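Shared chain: chain A. Partners: chain B in the first complex, chain C in the second.
Right, the complex of A and B next:
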């Protein structure tokens, strides 16, 4: 390998990328924008559920009941309606996701020891959100029931409220969330978004960079020169690996400073595995570029083989363990999942090589396999 | 040739190709080509697009596999990637496409540096060679300019420098002159000739333009993947004995139909007819033509040697056994009762910012006239066409097309004009019929009119049998005629053709021009055509040469030539045994503007008899032999180059004067 030739290819490529506005945008601006947009946009917490109420009772107890919803950070009160008819309009237009209907004689029945039924209508368009909404409603309802029970016991048995409280809930439960103590979804998505931004940008950039030469015919400069296949490929990839490395740093800083995600693990482990992942993602671009001959085809195929699986199977949105068996299998085929494990592991869990070595090994295998395929697919004396 | 060459050893072979076959899937691109290239020569591959030139050149450069035969370069068999690598340091390859192999965002300097470093040229030599080559190509002022901002001619020269920066022994140049204006082309050949002498390089070069054939020491003429002829230009000439009779005759159409009863090649160049006869004797050749013409009296008749292009056409006709194309123009139902001018440009001006692209351009085109707008890239031709088409508003001046003022006509004018661009603007995935019907639909023709025009176009353009073929599969010549048909679907009175004939084989090209002259003569369509291929400009009735946004010369082709002959003299051709040395010797002796054509030298002379004697003396004193000297008719290319060079010289002097 002659380093002068590698340097010639690499510096030419670097200049082209940095002088072409489209490439420059794709290289340095897009990953940061993705991180910014999805970091704020892809919040999976179900909060601020807009709701309306129909209070047919207008009693002290019904107001007390509904007050618990007004107070909750999970619910956003919109309006008190007169009748159920209006509720449909609110739900259909999407201005409310839930309707709570308190029946007549709510207070009367409860105080007289009879059961009452509060009707709750929930927009079920998105099952996940509907489920979570339902569980919030049930939780608030249970708390209210419990309160009533405590009141009843205090009144009838002459116990103090705290005593009644203790008797009615003998078994307490204490939950502590580990790693993501506040169960903030940004803490979980932002490290995965580092993977996403790299996985979308870097294969695309690499594929376009190589195919562009094929499309214009400047690849013949390489074919007809004495530069070897390895020298060309190494020289060609160096700028893209460098760009991605810069992006890793920028994205890491954004995660820590902008999104305030704690980084608890080993920085060296993170850097080393990021380099491996960058090699893998540029490798995907390289292999795509050698199989197609136009920039359009490169763009489409790269999106299909890297972007879509990354969004669906990498654990970015849905944890791999909650996917179906078939999807889990597919998830294991794409490198995104392994790197997501590493970013989440190093950011949130402070786990080390002992746990992550399988993921790192997988990435290393990808890098080597893709590189080898690329090397063998590239020929300086093609058939057409 | 049976010349006894006892003293000279057989020439060293640089390339030897035997029975070369290249196949792309089912399509056989090249079948059984033999080729030998000797050290130190310029070897030309001539042929239309799709003849197989690029495949052959790529295989020789070791960047393409092949299916049959052998390719040896520098006595190394090129059959694997590994063996190809062994000779690549000694090769330079310039792929097809003007400037496409260069890097647009890199500067001139950076482009050259990249190629040199890829070839491991030591930095000191790189600096020295780069300075020399940049000076030679006059690109030294543009070192820091990004390649994408260079003109076509400059890109071509930069491509050449990049290919030659490592001083290869064999340079393989694939259509380096396609798409470049005549001055840049002549410049290119001069630079190449100079490098050839200095460095003892061998060059394999391809071109789709027949008129460049004279510049090669030896050549092969390729058609449909086969070699039709090869050898020195003289040897190829000898394959087809005959002569070309040129004259004017009226009525022209009647004369053409009479001549076609007996002659295979009849071509109309404006008012002039060129007819091929296989008679080499000028007197009897002229007599034969006169007898065909009957009572039509030929004027200004003269008999010339054949051009190589005529030879190729004759060879192609012989090979394909196809009858010469004689399009019968079906009569269309519209008569042209319009006697006013078809196109009139009056003092047209167009500024882009502070740059004046078109400067007070005026001309007139009558119905039935073919008007050629000539000029280098960037001379303002396309801007003029765009203004007349109503695409671009003029900064000043007026333009009328088909009786409408361009400023006010708007959309209505589009129905009266047809436009055909270099790219042909056809939908390649549609069939011939679908394309025609699509264009008919775009112009809002009803079903009856569409059927009528479809039939007319098919018969006019000779598309019978191609109706349901996909456009992408058509030969270039057929594709070009289809594009013409589509531009004519709405029966325009004025037709604009923007560089319409690149890459078409000579027979197809003549067929195309046959149709154009019939359209003009019989239907009275006014045709405005831009081209920088001068052999095509000969077909125009009237020409205007543009330079830096202005029209600098105007007239019929014959008048333009006559004017240059009056100003600068006649074209003197000198044949010597060592043209390179002779060129330098004569330049030292004070002759200016000599151009090298293979083994021949061309120069303009006001006093040819006297100059010939001076040249013979001057060369004899250096021990160089003059093998022949003759006065040759000027070509339009000579006119173009003479005019533009004179203007460039004047511009340089005025800027120098202004600076001083």
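Right, the complex of A and C next:
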């Protein structure tokens, strides 16, 4: 490999990039904008679930019970309905996600020591939301049940309230959150967003690299020049790897300074694995660019290949462990997941090479495989 | 020329140009192969694979009591939510195991746990949760709290000589949940629908954007402009051709994968679904048309559209519920046609509702789409004057 020829290709590519002011601007601004928007916007606490109630009992106790829903920040009260018939319309139109129906004789039954059945209708179109809604309802019911039981024991057994309370002391649970002690969702999303911004943005930088020259015909200059395949590909990649490396630094600074995410691990480990990751993400774009013959195809394929697995299978929101077997397999085929482990590990957990070596190795293998594929796909003697 | 003749000529030109665009698209073999992959295999894998509810959270147990009660409590943490990863010999082993990242939580049961439960002394179990993934950690802690709470409640009842059975009734609220529209909480339904919408969005923005910029980059747009075609007749056929293409792919996804394999119900009107899908595609294409007028080459338009598409995909309520978004995101996303279309698509497919329930969403989507499209058209015209 002749380094001077590599430098020549790289400087030609660099000039092409810097001449296109808008492209250059977007290449640097895009990851930062994403970090900003998603860092503040991708919050994952489900709140304000809109609901309507049907109170058939109209008693003091039913009002007391429903009041707990009105007060909760997880629920947004919409309207009190007369009958169940209207409930359909509210759920179907999507204006309410839940309907709470308090039966007749709710107070009478509970005060006489009988159980009462409260029905909750939940909009199941989005299973995650349905699941969370259900667990909020159960939590409110459990708290209410505990108070009912205290009252009941005090009344029926002739105990004082404090004695009844003591007898019903609930089994406690002390939860300690590790690594992200205050459970801020920004702390866990922001390190993963470094992965997201690079994984979605970087392939596009190189996606048009070769196919553009094919479409405009300038590739024939390369075919007839003395530059070898390897020199050409390395030279093509260098400017974009540099841009992405600068972006890693900017994103890291944003995470630490703007979002105040603690960086507990080794900076060198982070830098080394980031360089590997940038190589693989830009390499994906280059390989796509070699495979297709139009820029339109290169654009769309790169966007789909980089965006979809990154959103779904890289541990950004949905943890890899809760995927199905087939999807876990697919997750392991994309580099995003490994780099998510590394960013979360170095930011929040202070784990070192001893734990992360498999992820780093996977990225290294990825880079080598992409390089080999690229090398074999690119030929200076095209058949047509 | 009579107005009627003019209309005929106008339509004929549109048809000819649309055919040209379709031929051009069909000729791009890698692109077509990828279109088919995106609407079939990709929908299948995603629909099958994504589970947003808690699954398989690795649980380690340190049981200092080794009693009937402690074993009973541990046995309540079971699949599909929790995966038992083994018992620890020493309490401090938990941190090291969590560091390695294979397990997610450690349940620590204190000595004399059983005695305390029977005698009614206050006692508590300890839970260590890995919250590097905060929502997942919180969700696991929530499930655990529910299990422990239920267990505690039962032991209170037992201690006070009460049981939940009818022989000795206890005043308590029995929760009866009915999940509507998807009784079994089948996640493949929602995930495959949301993936389909994700794919429609990507293709609807990028295809026309790239096609329009290509003409500009190569200079072929100058040739079209000196022909009798108006700018509208140049732009509209591209959008029409791509809308037809994407509608076809949507039909393949719906009738080839989602309905036969996942059993996604089609409870509402198919005609309504496809006409509103067409409206959605055109509305979303407006973003691409606009992007194509502010950029000069394909590299720029790719970056520009991706800058906008990524937030649309993540924040429109197809990935996480709209209820999770901060207020400013909800306002911002009022501009995203996808935000309305998710309600429309799930409404027609799962809820089986008609236009009378969906008109407000359709209207909002139409208004956003018409503004985006109108703005794009205005810019497109202007740049050639």
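As a working rule, the second predicted complex is superposed on the first by the 319 of 384 C-alpha atoms of A that agree within 3 Å, B and C clash if a C-alpha of one lies under 4 Å from a C-alpha of the other, contacts with A are read in each partner's own complex, and residues count from 1 in each chain.
Throughout what follows, contacts are C-beta pairs under 8 Å (C-beta built on N, C-alpha and C of every residue); 3 or more make two chains touch, one makes a residue touch a chain.
Not measured: the values here are computed from a predicted model.
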item: Which of chain B and chain C A:380 touches, first, second, both or neither; value: first
item: Touching partner for A:141 - first (chain B), second (chain C), both, neither; value: second
item: First (chain B), second (chain C), both or neither touched by A:225; value: first
item: First, second, both or neither for A:20, with chain B first and chain C second; value: both
item: First (chain B), second (chain C), both or neither touched by A:47; value: second
item: Which of chain B and chain C A:73 touches, first, second, both or neither; value: neither
item: In the superposition, chain B vs chain C on chain A residues touched; value: C
item: Shared chain A surface residues [contacts with chain B and with chain C]; value: 20
item: Complex contacts: residues of chain A adjacent to chain B; value: 2, 4-5, 7-9, 12, 15-16, 19-20, 216-218, 220-228, 379-384
item: Touch list for chain C against partner chain A, complex; value: 28, 30-31, 34, 38, 42, 45-46, 48-58, 95, 98-101, 104, 117, 120-138, 141-146, 148-153, 155-157, 159-160, 169-183, 185-187, 190, 198-199, 202-203, 206-207, 210-211, 214, 295-304, 306-307, 309-311, 313-315, 319-321, 323-326, 328-329, 332, 343, 346-347, 350-351, 353, 357, 361
item: Complex interface listing, chain B residues touching chain A; value: 24, 58, 61-65, 80-81, 84-85, 88-89, 91-93, 95-97, 100-103, 105-106, 110, 113-115, 117-120, 146, 162
item: For the chain A and chain C complex, residues of the former touching the latter; value: 20, 22-23, 26-27, 30, 33-34, 37-38, 40-49, 65, 89, 91-94, 97, 109-131, 134-135, 137-139, 141-142, 144-146, 148-149, 152-153, 166-181, 183-185, 187-189, 200-201, 204, 207-208, 212, 291-297, 299-304, 307-308, 311-313, 315, 317-319, 321-324, 326-328, 330, 341, 344-345, 348-349, 351, 355
